[in-house]
Every structure is written in structure tokens, then in C-alpha cells.
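Beneath this line is the structure, given in C-alpha cells, with notes to follow.
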């Protein structure tokens, strides 16, 4: 399997007659895109805005963030959504690096997800550094929440695909090639280097807590092997809206930093042989089954090391700890990435579960730490939501427009794929 | 609590129903008992039977206190 | 062998279950803890959903009745005690149903129901789940005790 | 401006005397006493030790609540900006007193506090979350090194600055998690950690799992026939009416109850305060949780010499580990003084 990533740098956005990319400036035909998205009869209104790094703008409530990508030959990505469910493990993919589509939609009355493009909040979200096309979506009267969520999810992928597809003829700034060999070769490659796999945990508890693999709700899968190239082509997408800080947006999946970090060390320090996708379900029987199957796959690969990333907190802590415990019991050394919910004073227990075998843990920070976000000149989306978002509390939207929240409310603040530099220490 | 008393030098027997919890809190001599709401009793039996059951358990506890151990030990049987 | 399940909930969408009570989420956990002491085991994890204990008012837990008397399911007991420890750390801030804006509360009830839908399906009790707070759909006892 | 600081020390460091003077009641002396000299020197012009409060370790240990209140009153009368206590090194009662004073000052006066102890001082576990504790050696030889560290931390707090990491400040961690931005992103750090772990190289976890320390088992009872056995329970068994108001969960206290002459814990006399299980059975017959009846029988039969006259009871449910540990230490102390040989601890 060979995937070429044709990267086109984007450092500015503007409205224009025709969607084009010249010298890093992406000009967008807003009317064409708006009418494309408005084809979905589930929306009462579709509004588009631009939010650039440094703008005095707040986006709220953010549902998903998607990086514009498409096939160089015009073929589809995001299998099961924008395109057919064809396997997307190879080919040539256009990437608009530095651009993002941000969808906003108030699906339930306590939704969260803040992106500040400047100020103290901007430091906590990776999406204050991207040039964002913001899509605000209102449902038609009486639309059922599942349908509204699905419609918002799809709109993000369609907008992202539209942007990349419209400029795919432009010469790439760089081309990155990822080659993923067949297992038989991979397992015997790089003798002397430790064999390593990635255990990729995905939120799958139910509405607003779901993730899709090739269009399949991952609560219905048994753990399976995927190639990094498929992940880069949108095989895994987010339907997860709650807990903005540690949900994996589709952007985070497309640019999975764990996969990137393991690929960088592949052939030099480790032999990276596989990505195992697993879920985080609600019933105990599902948890046991998935954990057992995921670790079984790692054992079948014969790996010595397993890097495990969690998504979410609380309930998934049980999956994380179970995965760690089972892998270590099978003689596989583990490193975990998680975030912490240690209370606003940092004095509470960070995780809902623990095991002595978890000796190597990377922390993406305490999501309960409080922050005051100063007022912005413009708020895109639905500002009233700040009062009921999970990381905020009643009265958190102050009269002057500032918001006091836990960083839990900030999109990507404690991303457990290790996207950011935030962490925590004991003092 | 059990650990601190033992740290002070007393042999302690922890008699409780949920053995894994006793193991986690660091008890060394552990004797399993009957049920959470009635560790030393069984309300389905006659008072006489219940007391005999209790006495047998306490005997087990005393035996545990008389036994030298190297580490955490659960006194079954 | 007939497996018998019991649904403990304070969510009006599950008002048809035998152990429905409009109490705080923490009291639901406590009731389930007592049930575990009596030998039942948990079917779903007590900490589902990406909310902390004080962030939403509802909790729905399904337990399976013991097939034979005696014994305590230690994994269930451990999970419920860990969950209760977390709830205790939010003591005084736990919401009781009925104190939030009704539309927000209805959303919480809705999502709570969706998050246990899969669990109920496992137990063939999905029909206990009504569509909305006003919906008094016909309910069947299924295998619920 | 010059900040006003009160210094708390024990009778020994105040030069009053050793163990024979441990009953010294709290007293206030203007200006610097004993180790305060070095502290004042380290403060320079920025802060002044306006007074020293002295209390005997024995008095403090035996009258914790009263002593703390008396000390706080004396401190408050000096209108200080901060309080420094110790260093207590490895002296257990002194360390506990320093911690308790700092906690009481924080709660009642809202002032910043600094103390200093050896990591194994029991005062550390009890009060680390309430005050900054500078790490010292186990004896007063470490005074010279500890004092400048205490002074610089106290000055930082007085200036309203946020202290740095424990390793930077020379303090023992308080156990709170604080956010910071590291140099590399989480995924890179995780991949590096995995490489190190696989190579057997040292690495440092960013989140240490909560640990459970272990105590080696005490030696077995050599002669049961001559032994005094004590009963302790976390099952919440109390005399009817729960005279000490032990909480149903997250108990903040334990009870000590006289059972000399009691042959049976009857439903009329005893029940449970525990909120963690169905109380019907324990209320019906508390011997089901605390088997006094059969132990009394066995005592009469001469299986062992004596059932201790008191039993100790608390509710194990949700009680913080540090507090339960304190209960354990206090109960152990009482059992030792009473000549008890072994303990049966019952839990539900």
C-alpha cells in the first residue's frame, strides 16, 4: 500500500467568485458551497464565516473540525460518507494544510466546544492556528437529534471535500509518501528493532459519543487492523460532540499524531507493524470482549510494545486500564496517553480507574483547570450555549462577553492523541 | 487503618467479605467472611446455628493470628 | 436459563421500569450498590457518557439478578464503589432531576436514554425506553423483574 | 514594605527544655527565638519575624484542637502576613503540630504558611495538602540548608507569586495536579517513552498511578492463652443512638466504646452507623459484624487471656486514606498503651 500526500499550504482565506488557491491564499466561492450544503433538506439555514489566526473571534459550539482533503483523481474520501465504502488504503491525496472546516451546531442544549482565534484560550486549541471556514448549521423544525447530528457530520465532510476538490490541480508544495507493506514483510523487517503496534481507542458509547469506521458505527465492530494510510484518507471520522477537550475531531484522526510519531521512528528505533482500532462501549461484556480481542490482535502481531491512546474520560478509563492490564499480562510493554479530571484544584483522583502496571503514562493535562476567556469582537455560532456547556457552569457567560470555563470546554485542549503540548505535573 | 495498626507491630487479622478490597488496602492476614451486610452471621439460619458459624469464623481468625506468614495470606478452609 | 434484569433509573424516559425513581443520580448508584450486595451484577458501566457527576442529572443502570443465591460479583462491586467515590467528590453539587431549564433537562434525558439504548437492547428491554419525556409508550415487562 | 511573619516552634527549639517540658502551653515571645535567627537572616529586609509562638509537643499532641485554636489566637494577635513553622525534621509530634498550626492558620486567618519536615515525618502525609512543606534531612543538622529554602518560598508567597515545581522550590509535593506546556507534543512524548521502556532505559511517567504501600506482616502470636485481643471495625458498629455521631460515609472520626462486662451486642444496645450496606442485619444483631458474643465465650473458656475492654469503630465507606491512616495510628497508640497483643479487624 502506497499513499502520496500532496500537501498544498494554506495561510489565508478570502471570499471570491471562484474557489482557487494562489500563493497560499484560498479563495472560496461561498455561494456555491452554501448552496451545495443547503441541498440537505434537514437544514433550515447554512451560514458560512471565515476565522483566521489572530482574529478577535470566538467559535461556539464547535461540533467537528475537518481538514480539507480529496483524491488527486477527483475520487471520494471519507468512505461511507462523501464517497462509496471502497477501501482507501492507497493512491494520491490532496491535503490543504493549514486550512480547516469547523462545523457549529447546537444539537443538544448543553453542547460545548469553544475555539478562540486569539487570547489565552487560543493557546489551548490547535484550531486557533488553522485558517478556518466556519459552517453554522440550523436544523429544520422538529428534526430528530440523531438526524441533526448526522447532517452536521456529513456537512463538514462535504465542505472539506469541496474545498480540496476545487483546487486539486494546483501544484503541491510537498509530497509525502507513506508505504505500508504487507504483514509478511512488515513482521520480518528491521530485525533487531522492537516490534510495536498502536492501539487506537475510539469513543462509542452512543449518541454524541460515537465514531465511525468506513461508515460503520464502531460500537458494532470487533477490534480490527487498519493501515495508517486509511486513517489519513478519512476512514475514521468523528460523530463525537461531547467533551470538547478530549474528543478526537475528524481533523485529529486525519492527522493522527501518534501514527506520525511512530512512523517517524519506524526503521530507526522501532518496527511499527500495525494500528489496532478498538471501541469504548457501555456494557461490561462489550468492554471485556473488545479488550480481549484488541490484545489478542497485538499478540498475533507478536509485538513487544503497544502505544495506547484513550478517547474521553470516566467510562473509557476502564477500557484504558483493562487494555493496559491485559497487554502487560501478555508480556507487551505499554505506554498510555490520557488526560486528567483532577478537579479545578487538581486535588482529586485524575482517572476513574488505575492499575499498577500503568507505569508509563503521558498526560494531556487536567481538563478541570479553569480559565477566563476575555470577550471577543465577534462570536460565530450560538454564544448562549456557554452557560450550559459541560465545562462551563450557570452564569459563566458574563455581561461583558467574557466566559469563565474549565478548559474541558475548549476544542482539542487535552486531546488524547497527543496533538498538543499541554500536560500536568504533581505539585 | 489495618496497615497502620500492623505497622505499629500488632498482628492483625482482617476479617471481611470482599477479599480483593482487603488485599488492596494492604491487610496481611485475611479471613473471608459470609456476606457484606452480615459478615459473621447468616440470618437464614437459627440463632444457634448462626452463633456456631460465627464461632468457627473467629476460631479461624485466631488461628491466623497464631500463624507466621511471609506476605499477604488469605486463610481459606 | 432465564436471565433476569432490573433497570434502575431516574430518567423519565424509563419511567416504565420497576426501579424508576425521581431521585438524584447518586441515589441510583447507591440503590444499585445495595443490589450488588444482594448478589446482582452490573450489565453496564456506572460511568457512561462524557459527563462528570455534577454535569448531568440522570443515571440509568442495568443489573442482572443472580442465577443462584450467595456471593458477590467483585468486579461489579469494585466498579460501583469507584463510581461512588467519584460521585462523593462532587458531594453537594449532584443535580436532582427537575432543577434545570426543562428543554436542557429534556436533552439530558434524551442523551441518557440513547447511551443506555445498547445496554437495554442486550437485555431485550429496549421497549422500556420511551421516545421523549411525554411519551408514555406501551411498556412490556420483558425479562425485567 | 516589610512583611510581618510569625514563627512557630516547639519547646525544645525554644530552649525551654526537652521531653520534661513537653507539656508547655502555648506562649508568645516578641521577636526571634532559636532557629528564628537564621530565618530572619534569610528574610533580609523584605520580611521581619515579629513574634515567635512556642508550644510543647506533648501539650499539642494531647490537645490538638484546643492547642491549635490557642496558637492561632496568639498568632492572630500579631497581625502577620504569613506564618512559618518548624523545621520539624523527623520529630513526629513536632511535625504534626507544625502541620496542624499551618492548617488552622490557613482555615482561620487565610494566610500563606510554610513548614519543613523530613519526608517520613507523619506530619507530611497528614498536612501536605494544606501547607507547603520544605524537605529537610532527618535531624537538626539540616537546619542551615532548610532555612533559606523556607525563607525564599515564604517570600514568594508573600509577594503573591505562584511557587514553581516542588523540585525547583525544594518542597514535598502537595499532591495537586497542575497544568503546564511541555516542549514536545503528547504523541512524540509517548513514542519516546515507549522506545525507552522497550530498551529498558529510565523514563518518567507523567501521571504516577495511585500507589498502595505495603507493611510487612507482624510476627504471629506466640502464646494465645496469655494474649489480650482487641476488636476494631470499619463496619460502623456503635452503641444505640450513635453517641459520637460517626458519619454514614466519609467518616471524619472513630468511636471508642467500653465493652467490659458486655457479653452480647444486643439489638437494644448496639447498631450500625454505616451507610454502605443494608443495616437490617447488623441492627438486628451487631455480633454479626463485631463478634463480641463468641469472643466473650472463648475468653471464659480460656482460649485467650482477655478481650480488650474497648472496641474501636468507624465507617470505612469513602473515608479518605490519609484520615483512615490517622485513625489507625491513633488506635494503635491506645492499644499499645493498654498492653494489647493482637487485633481482629472486621469489615463488611
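Here the chain labels run A, B, C and D in written order, and each chain numbers its own residues starting at 1.
Rule of thumb we're sticking to: a residue touches a chain if its C-beta (ideal position, glycine included) is under 8 Å from a C-beta of that chain, and two chains touch if they have at least 3 such contacts.
On a predicted model such as this, the values are computed, not experimentally measured, just so you know.
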item: Between the pairs B-C and A-C, the one where more C-beta pairs touch; value: A-C
item: Chain centre separation in whole Å, for subunit C relative to subunit B (CA means); value: 33
item: Averaged-CA centre spacing for the pair subunit C and subunit A, given as whole angstrom; value: 30
item: Euclidean distance of C-alpha centroids - subunit C vs subunit D, Å; value: 38
item: Where subunit A and subunit B are represented by their mean Cα positions, the distance between them in whole Å; value: 50
item: Junction residues of subunit D, two or more chains touched; value: 277-278
item: Junction residues of subunit C - those touching two or more other chains; value: 37, 85
item: Multi-partner residues of subunit B (at least 2 other chains); value: 17-18, 21, 36-37
item: Touch-based graph of the chains, sorted into line, ring, star, complete or other; value: other
item: Chain pairs that touch, as defined at the top of this document; value: A-C, A-D, B-C, B-D, C-D
item: Residues of subunit B that touch subunit D when the two form their complex; value: 1-18, 21-22, 24-29, 33, 36-41, 43, 50-51, 54-55, 57-58, 61-62, 65-73
item: Subunit A - residues contacting subunit D, complex; value: 123, 194, 196, 256-258, 260-262, 264-265, 269-270, 304-305, 307, 309, 333, 335-338, 340, 342, 345-347, 349-351, 354-356, 358-366, 369, 407, 415-427
item: Sites on subunit D touched by subunit C in the complex; value: 249-250, 276-278, 318
item: Subunit A - residues contacting subunit C, complex; value: 108-110, 145-146, 203, 205-209, 219, 242-243, 246-247, 281-287, 312-315, 317-318, 341, 343, 348-349, 352-353, 388, 390
item: Complex contacts: residues of subunit D adjacent to subunit A; value: 129, 163, 165-166, 173-191, 193-195, 197-199, 203, 205-211
